[in-house]
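In what follows, subunit A forms one complex with subunit B and a second complex with subunit C.
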Partner chain A sequence: MKRFRESNNTKNTFFTPQTLRRFLDSNSGLILSLPALIFALLFVFYPLVQMFYLSLFRWTFVSPNMTFLGLENFRRMFLEDQVYLRSLLNVALLAGQSSAIQIPIGIALATIILRYRRIGRLFWAIIFLPYVISSVAVSLVWTWMYNPYFGSVNMFLRTVGLGFLARPWLGDINTALIAIFGTVNWIYIGLTTTMTLATLRSIPPSIFESARIDGLSGFQEFRKITLPLLKELIVVLIIIDVAGAFKFFDLIWVMTQGGPSDSTHVTTTWLYRTAFRASEPGYGAAIGVTVFLFSFVIVQLLVKLVRSKLTR
Partner chain B sequence: MRKRIRLFMLGIVLTLISITMIYPVFWTILTSLKTNRELFIDPWGIPEDPSIENYLKALDRGNMGNAAVNSLIVSLSSVALISIIAPMAAYATSRIEFRLRGLITNLLIAGFFIAPHAVLVPLLLLLRDLGLIDTHLGLILSYVGWNLPFAILFMKAFFVSIPYSLQDSARVDGLSNYSIFSKIMFPLALPTILTVAIITFIGVWNDFLFAFVFLRSPSNFTVPINLLNFTTGRYGNDYVAQSAAVIISAIPTIVLYTVFAERIRRGVSFMAFGR
Partner chain C sequence: MTQPSKKTRRTLLVAVALVAVVLVAVGAILLTTVQRPAEKIKIEWWDQWGEARLLWAEEMKAAFERQYPEVEIVIVEFASDEDFKTKFETAIAAGQPPAVFRTLGGGVLKSYVDGGHVEDLTSLLNEEWAVRQIPRSMLRQSTWGGKHYAVPFDLWVGHFYINRELFQRAGVEIPPITKTWTWEEFKEAIRKFRAAGIIPIAVGGKDKWELSFYYMYIVDRLAGSDAFRKTINRAPGYSFTDEHWVRAGYLFKELVDLGAFQEGFIGASYDEAQSLFFTGKAAMWLQGPWILGDLYASFPDFPIDIVNFPTVPGGRGDPTMLLGAVQHHYAIAKNIPENVKRYAYEFMKMITKESSMIRYAEFSKSPLAQNVKVPTEQYPPVLTKVIESSSRASWLQMAYDEYSPPKFAAVHLDSLAAVAVGTMTPEQMAEAQEAVARELAQQGVLPLEEV
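Let's turn to the complex of A and B:
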């Protein structure tokens, strides 16, 4: 590599096929990365930087006029916008319930699948299935499951004698969020199980063998080998749940559009509503700034924290 | 004996979970073969005269046929671009020394950790400036930009596992880095590229967000947004036709899943450990 660079530095670099070749050769790393880099700069970083700028103004898509507001959008968001604050709470609830429900069930199912391999394979294939179906299709199907007239949920409750629980699940302000969480868990249980399985399978069997030779009991084995490995996994899964909650949009938009009375909004659906339905893209960009800061920065900090703890 | 009982209980639990996972899909298939009258009279009933009429209606009047073609164009184009661009960048940032390599690597993969939802507003402005709103090209470029980070991360994990000796001996034979990439590394990476391609295809085929914000005319709609449009428009109460549309939308990804289940699950679980 050095040799090429020196020869490039000599002053008489005419544009000959040879110099071109040398140029291409000594910059091959950059040149091969260039198409991806252009995409990253244009479609990820340029919008990201512009978002911070746009969040300081009041403007609309149709007019070129922009009114500078400073940090007014952020003041309004945190001090006046009840729906925004509610959406933050909903994101926290979503991340919290996903972690609390999916992780223990996922670990249990993964352990069962590993133990009973033959039936486990089929079971695994079944529980992962919802993940490959589009979220719009899944949302529609579950909207029908919760439908007050022909929905299976109410029909099932009436059949087993719990008819008093029947209600329009998505239309009732007390149950809409719970109903959505039910669908969320239905989709992602398979994913959590799959990630756990990947971890459990990465443990070389020889570790267990040597543990057995050392005379560790089954429980000690779980505590000394499996659990520490799962600890790392659990933290990673929680991080994924937190980041995922900030990326949540489709399900809520299709099932409730944030209703009833704006009680089921997450931050991204509220961003969409304000930016594109209420024509306040400046305010939407400001919400975007908070989504970015919360999801990206918090997650990066968590990752750093975990890393330093684990590599210690 | 106690072991038997435990196994039996376990079997019951697994069966109940399996039924819960399968039932909504099964119900939708059943409903798609009924008439609306049958649905409201007995939602659990068996269709008396099962017909594919609802499917024809969804494909034709529901615009699902056209949407499927649009989705196919958009998904395949995005996948093709990613399958070429991602291995190039992944190979370069894993195996070639160059200035600012660390910074460039971070720039390339940062998108994996950012929610595209956050930048919807500036992204729409960008597409407007490029004149690409309501076009498939605008959608494709956005998908490529936001799916490359995962693809590159995934490919990098593969390239760092290839022994250096391979590329060193190729260098000794006088091959340039470009030839090493195109003649050795790219073919070697094909199975990994296939995994990335399948996962990206499913992701793009299923994506709602970008299509929802960037597309305007129903003739350009991709499958998910067209599906939603079908349930809110003139056929808003035609639940049996909507059920057929849901099944149509899910067929390609379910077929891919049945064929490539292992690959897909491996790729997806990488998302948890890709760092």
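Let's turn to the complex of A and C:
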């Protein structure tokens, strides 16, 4: 057997089991990731390139003609399109308020849940529930809750004597965005709490025990030990909030469609509205390009920040 | 035999992965190229059906498949018009259009026709039976350059649907359908409803098209039925900045400021407005006859009636005119295989037959756009009233957002909502509409027709 192989080898040096084997060995990484890579190229990379290309044109989906505009779509977006600028502001507000409200509350709730373990487990299940429900269903339910005639929000305010606060939440240009933020926080606080819980549970209890032996009070323990240990998590949560704000769509689309009077648009809802409602996919793609670039740059910066902070 | 070394095992793994990749690739190629055994010819039929019309569609499907067992009609349902438009345009862009599809005619259909996606049905509609059954005036929304592109099925007209009981409670007299409120009488009625603690008018402002109903009626009452068609088609001497366009904005705003609509109407959906009207919280709702199907399903004894939209002071428009149009048409896609298209034609003929049309009227409870006598006992009395009223109309004004190109429609709807909220003045709205009309004229999208 061995002899046969060797003799074969001398005749044909190009394709032998050995060369095949060497090829497979040296390229194993590439080959093993090939299936995933093909899908990524097909469904992520190709559409991305297509989007960049489309953003330079004026086109309607059904027309055979595409008009090349150069960077006109981008000029119009930043210099003329008030709604687009407003939507950028709304994304910033959404990311900012999510980080500022969900993270502290999430950490506080997680700390409480850990302290009162028995009730905490049930409590945790309850506040995590909204995150598991389909967001369209949640949005519809909240739309009815905010309804000024049938809604439970105003009814509740009136019963507890805060009737002066009752208003058409989603039908008022001053409160629609706040109402949406309320729903967003209701959904995502459960997630923040869960992630904090997981992190806190992975900290060895001996650290807390020794802190107590050293005579730290509850608050001191939280400030000096828990919080520093959660630093990494907090940055991750902020990244999730920022990236999430750029991707946010369904809840706003169902609850207000960006209204009243375009005051609650985020970049994605405005993209959808221009591309599909006003039939300007070129302009929609241009918005998509800016969303891609903004979120890419911001998340990269955040990641850099984390790395430099954490390695120090 | 010795244990295979780590290296051999890894090589084996890599080889298996490679084989898997090749297999998947070969499979994918086979799937797309190899002819599968004789399958039924599929005719996709797309519409935003709704419950009642879906039943009709299923009946048609069954009848056609009985006659042509080699064909399968695939009924595809969409939840909303928006959903339909998005999927339809994506399907066209992908080169896979449905064989038979619903359209509302107007600017949207025109853009599909211009793109070369819609079959020319002129010869079908000029067949003897079709000339007899389908009035030529009903083809207006789907005819360009003398060619017909769709078969009209039913009509809609806009009236105030009212709750008789609430009118009685507030002491507001119901004007007969042959008469029309003056603007003052209308405002007086609104004040009476408010004094009685009743919401005068329910409106779903989130989708914006309901707001547009008011604006369109006011424009027509002010300047007559020509105004919109001439202005959007860029007839010389017509501009959206003309005085009546601005005034219409102010009259609409007057209603808003008077409290004619429910609290927070601008954020309310169609469903929320519907609930206010159906549950007797609001006295009026400006809508089309499509609300009747749902109304009778849940509230069979509802004290329903209809009232015309009021006239405005100094208006030149004919008050018998109604907001309305041919609503559902069916069309055939141009770029489908010949054998599918042949059956699509047969199918179109079958669903347009007189007996099919009568079934359509029975299910949909909507007025037909064809000369087909529907036994009146199939219609609720208020619908008979709607049909009579529409037969008296001097003009049916198609909704702006359906008649015009999508980009104009978006600007029109967005600015009107902004006027309602007060973030835009009627003057700014007029200018915004004129600016986008000019832009579209420059791109050659407008005019849609010669006027």
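Going forward, the second predicted complex is superposed on the first by the 264 of 312 C-alpha atoms of A that agree within 3 Å, B and C clash if a C-alpha of one lies under 4 Å from a C-alpha of the other, contacts with A are read in each partner's own complex, and residues count from 1 in each chain.
Just so we're on the same page, contacts are C-beta pairs under 8 Å (C-beta built on N, C-alpha and C of every residue); 3 or more make two chains touch, one makes a residue touch a chain.
Computed from a predicted structure; not experimentally measured.
K.L.:
Touching A:S210, do we find subunit B (first), subunit C (second), both, or neither?
P.N.:
So A:S210 meets neither subunit B nor subunit C here.
K.L.:
In this superposed model, does subunit C or subunit B come into contact with more residues of subunit A?
P.N.:
Answer, by number of touched residues of subunit A: B.
K.L.:
So, does A:S261 touch the first partner subunit B, the second partner subunit C, both, or neither?
P.N.:
A:S261: touches subunit C, not subunit B.
K.L.:
For A:S63 in the superposed arrangement: first (subunit B), second (subunit C), both or neither?
P.N.:
second
K.L.:
When the two structures are overlaid on chain A, which partner does A:Q220 contact: first (subunit B), second (subunit C), both, or neither?
P.N.:
neither
K.L.:
Using the touch definition from the top, say if A:F276 reaches subunit B (first), subunit C (second), both or neither.
P.N.:
In the superposition, A:F276 touches subunit B and subunit C alike.
K.L.:
Where does A:W186 make contact in the superposed view: on subunit B (first), on subunit C (second), on both, or on neither?
P.N.:
first
K.L.:
What is the contact status of A:L24 with respect to subunit B (first) and subunit C (second): first, second, both, or neither?
P.N.:
both
K.L.:
Using the touch definition from the top, say if A:W169 reaches subunit B (first), subunit C (second), both or neither.
P.N.:
In the superposition, A:W169 touches subunit C alone.
K.L.:
Residues on subunit A in contact with subunit B in one complex and with subunit C in the other?
P.N.:
Overlap of subunit B and subunit C footprints on subunit A: residues 24-25, 27-28, 31-32, 35, 61, 144, 149-150, 276.
K.L.:
For the complex, give me every residue of subunit A touching subunit C.
P.N.:
21, 24-25, 27-28, 31-32, 34-35, 38, 58, 60-64, 67, 143-144, 147-150, 167-173, 176, 256-257, 259-263, 273-274, 276-280
K.L.:
So in the complex, which bits of subunit B are touching subunit A?
P.N.:
The touching residues are 10, 14, 17-18, 20-25, 27-28, 31, 39-40, 43-44, 85-86, 88-89, 91-93, 96-101, 104, 107-108, 110-111, 113-126, 141-142, 144-146, 148-149, 152, 176-178, 181, 202, 205-206, 208-209, 212-213, 223-225, 227-228, 231, 239, 242-243, 246, 249-250, 253-254, 256-257, 261, 264-266, 268-273, 275.
K.L.:
In their shared complex, at which residues does subunit A touch subunit B?
P.N.:
Against subunit B, the touching part of subunit A is residues 1, 24-25, 27-33, 35-37, 39-48, 50-51, 54, 61, 109, 112, 119, 123-137, 140-142, 144-145, 149-152, 155, 186, 189-191, 194-195, 197-199, 233, 236-237, 240, 243, 246-247, 249-250, 253-254, 268, 271-272, 275-276, 281, 284-285, 288-289, 291-292, 295-296, 299-300, 303.
K.L.:
Subunit A touches which residues of subunit C in the complex?
P.N.:
7, 10-11, 13-15, 17-18, 20-21, 24, 82, 85-86, 89-90, 92-93, 111-112, 114-117, 205-208, 262-269, 272, 275-276, 281, 405-407, 409-411, 414, 417-418, 420-421, 423-424, 443
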